[in-house]
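Okay, so chain A shows up in both of these, paired with chain B first and chain C after.
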Partner chain A sequence: MTLLRQRTALIREKRSRAIAAFCGPIDSLRQEAEQGSPAQRVRTFSQDHPSDLQRALHLLQSIQGLAVVVHGPAGCASALHGVDSGTPWTVTAIDQRDSIMGGDSKLRRAIKELHASHRPPAIAIVATPVVAINNDDIESVAAELREELGTPIVPVFSDGFRSKISATGHDVVVHALLKHLVPQRPRNLGTHINLLGSSASHEDLQGLQQLLEEIGIQSLVFPRGSSLNELERVAAARLSVGLEGDDSDYAGQALRDRHGVPFLDIAPPVGNANTAHWLKTVGEAAGHGAQAALAASCHAHRLQRSVQALAAFNGARVFVNLPAPQAFAFADLLAELGLVLAGLKLPSYAGVGDAALGQLAARLPHLPLLVGEGQPFEEVNLLQRLRPDLYIGRGVSSSHALRLGIPTLDLDRIPLHGYLGAERVAREIARSLSNPALARFLGGGADEHYKPSWLTRSTHWYVKQEVK
Partner chain B sequence: MSKKTQHLAIYGKGGIGKSTTTSNIAAALAEAGYRVVQIGCDPKSDSTNTLRGGNYLNTVLDSTRDGAVVRLNDIAAVGFKGVVCVEAGGPVPGVGCAGRGINAAISLLQELHLFEEVQADVVLYDVLGDVVCGGFAVPIREGLTDRVYVVSSSDFMAIYAANNLFKAINKYAPSGGAKLGGIIANSLSASYAQPLIDDFAERTSTRVVDYVPRSPVVAQSELYGQTVIEANPGSAQADVYRRLARAIVEDTDPVIPKPLAVNDLRQWARDWGDLILREEQPALAA
Partner chain C sequence: MSIPHDRNGCALQGATRLLEAISGVVPVLHANAGCSAALDAQGDSRSNEIASTVLQEKQVVFGGTARLREQIKNTVQVRAGDLYVVLSACVPEVIGDDVPAMIKEAREQRFPVIGVAVPGFRGHAWSGYSIATRVLLEQLPGALETTTAPADAVDVNLLGIVPGLDPGWDSDLQQIEVLLAELGLRSNRLVGYGQGVAAWQAAAQARLNLVLSPWGLEAATWLQEHHGIPSLDFGWLPVGSLDSGLLLAQVGVALALDTETVVRARARLDARLRHVLRDASARGLLGNLNQRTSVVGGSAVAVGQARFLAGTLGLQVEQVVITDMPPEASRSALVAAVRELAGPDVDVSFLTSRHAIALLLRAGAPELIVGSALEERTALALGAAHVEAATPVRRRPLLGRSFAGVNGALTLLEDILAERHAAAGRAALHTLATASAC
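Then we have the complex of A and B:
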């Protein structure tokens, strides 16, 4: 019960002792993790990286039926600009005077105007750094207008500076949704399970839902892309299944503690073997074990062709930039495809007692590992040393690799999970490795953003362990 | 009289008598012919009450409501002997950010060229309490004020607040921030009060500008809604304020204080506690 009793979620650094900075061989991190928790390092030079506010807005605008009021200066809503999600949103655009005298009246007005113009089924108020500093009482405004407008109003306490890990924004949104929009677990449970995912694309998650349907399991996804109707059914699920490690843990634990929904926290279904294990485990937990085993066997047979398609690239070296659970599972997929993991970048790492890290470190103890969001200098520096044949990541991060002439694969465009993901990833890897000319042309083989003297520094030059 | 405007900030723990002292200094200087501006940097907005009969004054921050164009006449009132009174204002308790309010109010006064318009000789900033955040340090940063004075009694918490102010001055002075004029020892009555403050000044390489004794005349004048200079001009207390005002305005040698570390300050206080106990015990026994 304790998680949702709090005003908001703890920052990741405290909740799961996650770290935002590390640079070195993976086995060093394993040793630190085994001795307790990895040391919290600092960057003496840090580049742009997303904040928890951006992450919170990104997730909120995916919730269907929810309107968003950003309570802060106009720029704090920039993450919502140009995003065609259909989410009605507004920003209170507080000014100097509001920052001094309090911006409650503007917040009230913004909520009422949004309510009058869109009649949304629910409204989220997102706190921003200025509001966090001057302590506007958004909780009271939410309580007052909830009553007056007859609409659920959800305060989301992001602040943009307490945590170095943007995933904290995910937790504060999940906390707010579960606390204010998810009703009590009913006596008559549904027949569905919850898939707890937030980073994977809609297509990716839909693929997993279809896979579960093959074995007779209905599912709904929480929180990414959930509708308000689905939120009402989250607590009625037979089971919650985590897809994204620490991201899923918060929702899984809160649903288990408050509503008694069992939580299955297993390695994500990335790659053939991991997907088979995931499908069988989920199937057994939901009472569909036999169907799951049969489906896994059929898919495994079918996927042999994907592996054969990559035989020509056996031994190709791949750099992977993904959240930790996906990255570790992806290493297994690469091994299945006969490819070599050359280096790894994780946005953060919270792996106390993490078996996946241990297994990977046992197999590749010297594997270069970077932990940090953004930080293109460190990434470029490492990529230049490693010169992998392929870079796999999400979104704009792959542009750094392209500038170095390294072919890239953007996992925002294709599914990653399940058999569908394994198949599509294998096909796209083959395509990227077959056509390296475009990347070489784009990159010219050098990143001119950094002077050579910088790039000769060690990758961990700016990652320091504080001495207290 | 100096041609250059002197900007002087007066700090001290809440309730120690900053506004009373500042207003009496302002009144004494005005009486002596100086053009004086007093700016209350406190959301309570009551710094200048005794200079202008206790009437409500529209604050600088009140005037900025709804993007209104602010004029000097809207935010300044002329009080005793021509002292120009301004209240920065701020949020109601529990809301907003008062430190940021002081920052914004002073910026607005500069934009309005208050000091040039008034052709002030002396501008006094009466600043709320301790230096609890960057907003309350604005008057001592960036060369805004020439000197800072701290009002302190012999109570430990007042000394503690003074020591904190010294830390802020020590931090900002090397980069152009204000230096310390000295300590204004206020409400002194106990026999040990003066030597205690003298010792603190010596330990921190500062000095005491003057000693203001506790006096019923101060309370009586405030009940009339006036300064001592106005209500009891012939009193000894009025002369104390006149002497203090003269010392402050003629002060040309400010210092950078050397604040005590927290543990040193506590040990110093303990030593004084022991000393006072030893001194008082024979009297109590008798």
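Then we have the complex of A and C:
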């Protein structure tokens, strides 16, 4: 109950001991984690990366039926420029005067105009850094207009600077949706389960839903791509299953605490063995254990053909840049495919991943590990030493790897989860490794982006323990 | 006033895009996280490698100058560059960080650093380009040691085409360079392929500033006042041979070039375009090219395209929506430029809200919309053909194509013909499907 009583979600650093900076062998992080919590570190040189605001906007634009008012300077809404999801949105475009005197009246007018032009079922007001500093009273405006317009209005308290971890923006959105749009009343228990995911693609999640249907389980995805009409059903689910570790935790805990939905937080179904384990665990928890075991045995040999297709590349070394739960599970998929994990990059690391971290560290204690969102300068430093055969990321720029002549694979539009995901990933890896012409060409020219002196320094040069 | 589906971003983003487009210039953002990362959404920024102080709560409360000092010191160690430009964003401006003091301190240590205050609340991205261009010209000489190799002499500075905001800006500038070469003139593009700090140093020695949108005026005025370089405010990007020729004529007058040389160059441009259009006509490609047309885009792009579509191709241009909200002083000239070739009744509006633009387009019900990806839904709803020739462009990313000059005009025409062909195909399929259903 306590999570949703707060004004907004706690930052990840406080809620789950998450860290946003680390460079070193994976076993060092394991040791720190074992001794309590890994130390908070900062960078004394940094490169820009998305903040909670961009993550919040990216998630909000996927919610069907929701309109969005970004309360801030016009540029704060830029994350919405590149997508055309059909979400009606507007930005209050506060100017210098508003940044001093406050922009409440602009906010009121923006909400009314958006309401008049689109009549949306609900409106989210998204706070931005200037508004957070000025402490504009978004809550009062929301309360006032909620009544006047007869439309739910949801304040989303992103701020761009409280957390070093952008995924805090997902928690902030989940908090706002559950607190303001899901009524707290005795639930009419449904037969479906929730799949909790904020980052995975629609196709990826749909693949998992189909897999669950095979064993007779209906599912809803929350929060990515949720529909406002379905939010009450989310609270009535018989079970929530987290797909993305710390990223799913907030929704899982809030739904459990407030609506009594049991929460199952297990390793994501990446790779054949992990998918089988995931399917059986979810099946048992949902009362479909026998069907799940049968389905898992039916699919057990699905990856064999992919392994054969990759035989020519057996032992190829792969650098992986994925969110922590997916990255740890991906290491298992690589092993299944006969490939070698050469290095790992996680945007952040939270305590909830300790078991998975421990297992990987036990297997590969010297594995080079970077933690931090973005920061390609560190990756370039590490990659030019490691010289992997392939760089795999998801929705992150990898042009710096291409400049080094390393082929890259972006999983942003390729399903990662389930048996289908494993097959697709294997196929794409085989294609990427079979013709690295683009990387060869791009790596051929001089790269004068970073100073040679930086490339000879240790990768952790600019990562320091945070002084409180 | 709020902006539904804004397309113009903020001053910081415009300045960042400018700096990213200059080889050897390293932007250093003094900002919270995400201020440049947001640019990724349009897919034309290298922003994930932009140095930034990434201000945290501690700095917001206690001030971020120490963090900026640390970031400058380390950026010059990590990033290779000739010039480092600190761009201060909304948060340091609100909390009152003394950024100039940090720049001064860095300069005292002989780091080539300058600073530009471009908080997002000060204006949109076009204005950010305008401010940053002027400041760069102003501060560059004091920041650099004299060790930089002397630049090649240039004749004409090209100002006002905005990286990242004008579609195909790099190729467009190269087209203008080719155009001016017809008169034997050497262009100083300042941004894009092969343009570095030396180009900006050479700007002070040019003979003329050629201003291709209202956003180049601030820098041109500064160059005029401080280096005595005269400015030619052409006002938009020339598309087709008529405007390309007009540009050559005006440059010829401004630089007192031989009239016969200019006349011959104009004739060559006309002949080339006429040759291609006659051939296209013989192949039956130009039949019924008379659609009622709306053009939507920034000043340079929309005015140039509207003039070509109406003045050369004979399309019925009825609406022109200028989306970059140029200063009031520039607007009447832009309106006059459109009406000169498209007729006195053409409706020229200055709007940035996607919603307001959609309402206007619906009222006009054009058969062809030449605009950005943001107009696609409206075009679909109207059953109009839709060509993406303004930012944001999504369907067909621009890598080497341009919409400027004679070549750019042909590119635009190719896109219009392709879209007309696709629309006819869709209509045929629709008829077929309806017939089968019966």
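In this text, the second predicted complex is superposed on the first by the 456 of 468 C-alpha atoms of A that agree within 3 Å, B and C clash if a C-alpha of one lies under 4 Å from a C-alpha of the other, contacts with A are read in each partner's own complex, and residues count from 1 in each chain.
By definition in this document, contacts are C-beta pairs under 8 Å (C-beta built on N, C-alpha and C of every residue); 3 or more make two chains touch, one makes a residue touch a chain.
Every value quoted in this text rests on a predicted model; they were computed, and no experiment measured them.
Colleague: Look at where chain B and chain C land on chain A after superposing the complexes, then choose clash or fit.
Modeller: Here chain B and chain C can both sit on chain A without a clash.
Colleague: If you tally the residues of chain A touched by each partner, is the higher count for chain B or for chain C?
Modeller: Counting residues of chain A touched by each partner, the higher count goes to C.
Colleague: After superposition on the shared chain, which partner residues are touched by A:A142: those of chain B (first), chain C (second), both, or neither?
Modeller: Touch partners of A:A142: none, neither chain B nor chain C.
Colleague: Who does A:D104 touch here: chain B (first), chain C (second), both, or neither?
Modeller: The answer is first: A:D104 touches chain B but not chain C.
Colleague: With the two structures laid over each other on chain A, which partner does A:A93 touch: chain B (first), chain C (second), both, or neither?
Modeller: Touch status of A:A93: second partner only.
Colleague: After lining up the shared chain so the two structures overlap, which partner does A:I133 touch, if you call chain B first and chain C second: first, second, both or neither?
Modeller: In the superposition, A:I133 contacts both chain B and chain C.
Colleague: Counting only touches as set out at the top, which of chain B and chain C does A:A342 meet: first, second, both, neither?
Modeller: neither
Colleague: Output check: A:E113 vs chain B and chain C. Expected answer is one of first, second, both, neither. What do you get?
Modeller: In the superposed model, A:E113 contacts chain C only, not chain B.
Colleague: Report the closest approach of chain B and chain C over their C-alpha atoms in the superposed model, as a whole number of Å.
Modeller: 5
Colleague: Which chain A residues are contacted by chain C in one complex and by chain B in the other?
Modeller: 96, 98-99, 133-134
Colleague: Which positions of chain A touch chain C when the two form their complex?
Modeller: Going through chain A, the ones touching chain C are 42-51, 53-54, 69, 72-84, 88-96, 98-99, 106, 109-110, 113-114, 117, 129-130, 133-134, 160-162, 164, 166, 374, 376-377, 396-397, 399-400, 448-451, 453-454, 462.
Colleague: Give every residue of chain A touching chain B within the complex, in rising order.
Modeller: Where chain A meets chain B, its residues are 96-102, 104, 133-137.
Colleague: Mind pulling up the chain B residues that touch chain A in the complex?
Modeller: That would be residues 61, 64-65, 90-92, 95-98, 100-101, 104 of chain B.
Colleague: Mind listing the chain C positions that touch chain A in their complex?
Modeller: Result: residues 1-13, 29, 31-43, 46-57, 59-60, 70-71, 74-75, 77-80, 90-91, 93-95, 119-122, 124-125, 355, 373-374, 376-377, 392, 394 of chain C touch chain A.
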